[in-house]
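One chain, subunit A, appears in both complexes that follow, with subunit B as partner in the first and subunit C in the second.
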Partner chain A sequence: MKFLRRTFDNLSIPVIAVLLGLVASSLFVALANVSPIDTYQRLFCEGFGPRGCETFGDLVFIEVENEDGSLQTVFSPLYGSGGSRIALILEQITPLILTALSAAVAFQAGMFSIGMDGQFVMGAITVAFLGYALPDQIYMLAGVSDPEAAPEALKTAMHLIVPLICLSAAMAVGAIYSWIPGYFKVKLNVNVLISTIIFNAIAVQLVGYLVNYPLRSDLNNIARTRRIDDTAWLIPFNRGIFADVEWFSGARVGIGIFIALAAVALVWFYLRRTTAGYEQRMTRGSSLFARFGGIPTDRAALRAMLISGALSGLAGALAVLGVERRIVDGFATSGVGFEGVLVAILAKESIIGILLVAPFIAGLNLGATNLQFGDIPRQLGGIIISFIILFSAMEDFIRARLTALFKWRPTRQRSAPDGEGAAA
Partner chain B sequence: MFIARSKRILSITVAALLLSVAAVSAQDAEYVDECLAAPAAEAVEAAPAPDNSDISFTIILPNPRGDRSFIDSAAAGAERAIAELGVTGTIVETSGVQEHDAAIRRAVQDSPDLIITIAVDFSTIEEIADEFPDQMFAAQETFFPAEPDFDNLALFNIFTHENSYLAGIAAGMLTRTGIVGSVGGGDFPGINLFIVGFEEGVLSVCPECELLRSYVGDFSDPVTGKEQALSLYAQGADILYQVAGRSGEGVLDAAAETGNLAIGVDSNQDDLYPGNILVSAMKRVDNAVFTFVERIVNGTYEPGVTNVGMAEGFAGLSWDLGVCSRTFDEAGPEDLVEMLPEVRMAIAEARAAILAGDIVVTNVLLEPAQ
Partner chain C sequence: MTSAVEIQHIRKFFSSSQVLACDDVSLDVKKGEVHAIVGENGAGKTTLMSILYGLVTPDEGQILIDGKPVRISHPNDAIFHGIGMVHQHFKLVPSFTIAENIMLGIEPNRAGFIDSATEAEKVKQLAESFGLPVDPHLRIRDISVGLQQRVEILKILQRNAQVLILDEPTAVLTPQEVREFLTVVRSLAQTGRTILFITHKLAEVKAIADRVTIMRRGRNVGTHDAKDLTIREMANLMVGRVVSLQVDKSPAKPGEVILQAERLLVAGAGGIPAVFDASLELRAGEILGIAGVSGNGQTELVEALVGMRPVDEGQITFLGEDITSATVRERRLSGLAHVPEDRMTTGLNLTTNLDENVVVTNYQNEPYSRRGIFQFAAIRRLAQEIVDRFAVKSARVGEDIKTLSGGNLQKIVLGRELKGDPKLIIANQPTRGLDVGSIEFVHKTLVEERDKGSAVLLVSVELDEILALSDRIAVMFAGRIVAVLDRSEATEEKLGLLMAGSTLESLEHDEAAAEKATPV
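Here is the complex of A and B:
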């Protein structure tokens, strides 16, 4: 009973936040001369619903026409005709979960690093280059002139090794790129927030330069790097093992999602079950106290920055190896890193929270962009998302109001001091 | 001082020469303003739109609307198709390269009869056309390095080197300082197609003119566009050709602010800053989009590449028949307006020579860039 109540309590607050966000944005939706209810149905259907979804009800069960013309009611998330939005969400959250983890790890060491964007694009450009340069080198060393005609054994070996090297290299680059602002903080007391913002700008400009000049593959209208070799490609399910499963059609979700989930488990274990993780969390709680207790706080903070950078670099690598296969000019400004920071903050830096918030944000983004398919201006989507995020960030306020309103459990202490309510 | 004076003497001589040429040519061929000669407005009643609502298309715009140029022209074509052909159309804006892929994939889920993409990178199109063989695609402004072989992809390219050449003639004849510049969105063949054609046009009538170039590196950054334009004007240029999408708005703004001239691109931009925009080198992206939809309605969709240009009426000047912009005649500086009939005469001659093949303008998309 107590568990049920707690779950209800934890779930009700985000739901209320979303509802408040929808009510607030109704004003703008109405100003644009479209019906708010239609807009919201469209938003959620485009984000989370199956094909042909029209109403909120369709989000759960939808009536579909069989080939013989009879109607059948199916459970929407499993309905995959024309490709499932859930699969699209899985594609989107792969980098999002990793950048959010990256932010959470840094935050939990008391480093307010928002350098995920920079580390992400640095990791991405690393594999975009290695993805074709490394196989080229291997072919050359093996004396293969035509990659098409390479021996199968060599190709199989490369399919295993090349992505592994690429991912490790991206993690190393991301880690170094994150370590530098961390070092500045520890040794020179430079504000991490400011230095990581600057580092983001540097990375975005650098990648823009690399894509436009040294790594540019041809003189097309849009600058882009060469496509990575097939041996470096982490083939998405819809092209590989699940090519016949329509549920995956159009979504480039692949092995990356499992890597992201493994990272979630590892980071949780690191933060909660290891000495190093404990040192890091102590550093955040009270740096002076931790140092007095014999914890090397500088080392703990730098370690957190290294892990954070490696996670963001990994996110960038998976985006290139699994989805994009090349970097096109404009990729660097897409802002996946900042989305990660947002997810981490909304999830209150809780690892489990990230797993819930990331799909929600990814789905909302999807829905907002695709509002236009229902002839609703795309800008409205942005406004609605912003309001939902704003009210989600007011969680403590809503919780306090609710408690005051219902006087649910006046005796029970609400939420842990460092705000890990969502993790519980 | 001496140089300036000699330049002035030179320009006076040139002007005198031109005048005499004009006088001579006026004797045998008086310039006839076709726009004035043409019957005033099409009196034909627009036929009520046929009901083709079971035919659907989705158009993916590469950037948000509101550039008053390329994107808006494409959207206008789609809107005209919806209105005149009575088809069901969905216009989708994206905020940049990173959204193209997702938007096209989403469009595929609705399985419309045709998906039209505008200026999307060829590798994106290639991958998606390959992945969804049952979906028809039409791509405008997508240049493939080698001709693609897909049964579900029609490519449509509008070559704009020839009308840029004509705009170059106007600029070359009307420049007072002898310096003419171009502001491009980026340094690649798709944009240099315009600029090289324009520069050849300038040099054809003003061999001693100095040519300046700058590239914004972005198609939605009017602030940088304006800065670069101001800098080019400060270097002595008095006419700038903008080929930079929404960044070009900054160039037009700079022209109005400094009292110089600019040449618009893609859409008819003459009325944005009346008197400061000499002419617009139009690229009828709207007609291209309309043609795509029309072909689907008529059942004449054909995969493969179609190249069109001035000869087919997809590229031209805003002065031409069909648009007949005369804004500059009304609001431009008087001394230049006086020269307009002569300029139009020269342009008409050059147009005839180009169409007859006597003048060949460099097409950097087909020939190596200079």
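Here is the complex of A and C:
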């Protein structure tokens, strides 16, 4: 009973927030001269539904035509190409989960770091470079002139070692890039929010410069780095082991999703089961209490910043090694890091919550991107998402209104102080 | 006299903490009286008042105002019926002025814009009509706690409150402010208003209350005319047994020197020196009291001794070792315990559960963790041990502590700090805000620890407490230790004068002069 009630409490607020977000953005949708209902159906169908999805109902059950022309009702989320939507969402949540974890770890140490974008691109550029430079070096050392003709044993070893080194290097770079603002905070009391914003800007400019000049690989219109070596590539399922499975056909989801899920488990364990996680949580809960108890609060905060940076760096590395395989100019402004911050905030920094919120945001993003294929302006998608996020963040407000609503009783007598009607 | 408020058969069960906070409570408050409500922490006083003010919905019972049953389900209803409440923790906006706070939500406006001139003028008139002068333009963050309280009271008077609920109004005030406050309460009662006044200080009840209601474990155990009960009788009724207001203790048997501070210079907030040239020595088996008006450097001295504040000059020696620049953890490991001034933010972390609170001083050691990983069974055992040993009511292993009462919170702090037989206990205002039963418990515990051979440094602004517990007494004034007396030479007057800035020499001089003036 208690459990049911808690679940209801936890679920009802987000659902109401989404509804309010939809109602509020109707104004803008109406301004664009399209029907709100149509727009929302389309948004959710493109985000979460199977192919052919047109109404909200189709999100759950959809009628499909069999090969012989007969109709059949199927459970949409698992149906054929409907599943490919799941694969797309999995592709999108891989970096989202990691950057959200990154934000949650920092927040749970009382460090309001939003440096995920900067750490993400720093991690990405690291592996974009190492992804070809490292194999080059190995071939040279091994005396192999033509990589195509390299011995199989060497290649197998490299397939294991190169990605590992790349991922570790990206984590180290992200960690350092996050540690610096942390150090400024601890030693000089520089506001983390502001310093991480600046660090993000620096990282974007730096990566832009590197991609345009030193690491530019060819005279392609848009500057880009050289493609990483095959041995560094984390082959997505649709190109590798599940090449024949329809589900994975359109999505570049790969080993990264498992790394992200493992990170969820590890971060949860770190925060809840280790003394190091305890130190950082106590530091955030009440730093006076932590210092009173003898907890080395500065060390705990810096450790949190290192872990946070490593997670974002890892996200950036997986985006390059598993999806992009190179950095094209403009990559640095993708904003995945900031979306991670949003996911962490919406999940109220709960590690399990991140697992629920990330797919939702990813699906909405997918839906918004695909809105334009109808006659609905693409920008509407962004507006709708923003409103939903805004209302989700107003949780306390909604909760207070709800309580007031339930408490409200029509027997209140305001006009007649001496009235008899107020009798209980 | 007619009744202003009648509370009938109120019952409230908090399912989240499994506490029956109010158990069939009835109360009849007469118009124009000062009605005190006393009871131990957790007796249900705040809950009862919150029900009357519409903040908490009762499970059963009803409320009558001026003889008519009313339904109060929101503070707006309470205000509508002329009931106002000043909470234990003030709810003012620090960055707003006094006038803005008082008029919050009912601002006079001109074409939709707040008319701040009229606002200030109105507040000024209101304040003067009640004889509670304030400067409406001051900001809340710049004024004293006593003045903030006055603002809270004006705020409810502005809303025409006829019944004023004051929840532990004097707990946060200095003795001066308390005296002023009591006069204000009296004069408000003379204007025909009814005052419901919650307090722990039974002397205040004797001083201003007409009647007093005593609550114990959620029940009203009796309403009496205040003049019919002695303080001792009230204390016994509150706790439900005979409490000793005196502390029984045998003479100290001081042992070796445990703590030595030499010529400490410690900076306070903003880098301004708060402790000058302070030296003290503390031996095993004795209680050294530090008396002083609050804000004379006691807090900074304590923080320097426990390692939470750097020492600029001087030396601290603990058990023969120089710990001047040792960390909090190093000091704790060598046997220092600390009961801090503020249990809500320093002594405990109210955002987490009991287990994580009791383990904070020891989490990095076996058996509570092994190679950095928590061993929850051991931690739960520790929590249970503390709950059992100190009889912490309604605290449960693994559960949140934020709804526990002050006395129970302090028991958790004590239980954690006394675990493992510390050599030195530094206790800063250990009984602030506690009820008589809890105070008795804290005092008994500190004396027991002394008798077991610990050294105890007791910092308190309550002279009674210092006199009752200390074997020796140091007095702090303006950051300096101006005198160290033996308990036998200390009297309340002497300490009072020293605390106000007199020196020992001048006191001796005065005594000598007095002796000369009155020939034997």
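Just so it is clear, the second predicted complex is superposed on the first by the 404 of 424 C-alpha atoms of A that agree within 3 Å, B and C clash if a C-alpha of one lies under 4 Å from a C-alpha of the other, contacts with A are read in each partner's own complex, and residues count from 1 in each chain.
Here is the rule we go by: contacts are C-beta pairs under 8 Å (C-beta built on N, C-alpha and C of every residue); 3 or more make two chains touch, one makes a residue touch a chain.
Quick caveat: nothing in here was measured; it's all calculated off a predicted structure.
A.B. asks: Looking at the overlay, does A:222 come into contact with subunit B only (first), subunit C only (second), both, or neither?
C.D. replies: Only subunit B; A:222 stays clear of subunit C.
A.B. asks: Which of the two partners, first being subunit B and second being subunit C, lies in contact with A:189: first, second, both, or neither?
C.D. replies: neither
A.B. asks: Is A:73 contacted by the first partner subunit B, the second partner subunit C, both or neither?
C.D. replies: After superposition on chain A, A:73 lies in contact with neither partner.
A.B. asks: Is A:285 in contact with subunit B, with subunit C, with both, or with neither (first, second, both, neither)?
C.D. replies: It touches subunit C, and subunit B stays clear.
A.B. asks: Now for A:276: first (subunit B), second (subunit C), both, or neither, which partner does it touch?
C.D. replies: After superposing on A, A:276 lies in contact with subunit C but is clear of subunit B.
A.B. asks: First (subunit B), second (subunit C), both or neither: which does A:294 touch?
C.D. replies: Once the two structures are laid over each other on A, A:294 reaches subunit C alone.
A.B. asks: Give one of first, second, both or neither to describe whether A:145 is in contact with subunit B, with subunit C, with both, or with none.
C.D. replies: neither
A.B. asks: In the overlay, answer first, second, both or neither for which of subunit B and subunit C A:334 touches.
C.D. replies: Only subunit B is touched by A:334; subunit C is not.
A.B. asks: Give every residue of subunit A touching subunit C within the complex, in rising order.
C.D. replies: The touching residues are 273-276, 278, 281-282, 285-286, 288-296, 404, 407, 409, 411-412, 414, 417-418, 420, 422-424.
A.B. asks: Contact residues on subunit C for subunit A in the complex?
C.D. replies: Touch residues, subunit C against subunit A: 57, 62, 68-71, 73-74, 77, 80-81, 306, 308, 327-329, 331-332, 338, 340, 342, 345-352, 356, 360-361, 363-364, 369, 372-374.
A.B. asks: Considering only the defined contacts, which subunit A positions touch subunit B in the complex?
C.D. replies: Its residues touching subunit B are 46, 51, 82-83, 88, 212, 218-224, 227, 250, 326, 328-331, 333-334, 366, 369-370, 372-373, 375, 378.
A.B. asks: Touching residues of subunit B toward subunit A in the complex: what are they?
C.D. replies: 58, 64, 90-99, 102-103, 105-111, 119, 121-123, 131-132, 141, 143, 145, 186, 188-191, 217, 369
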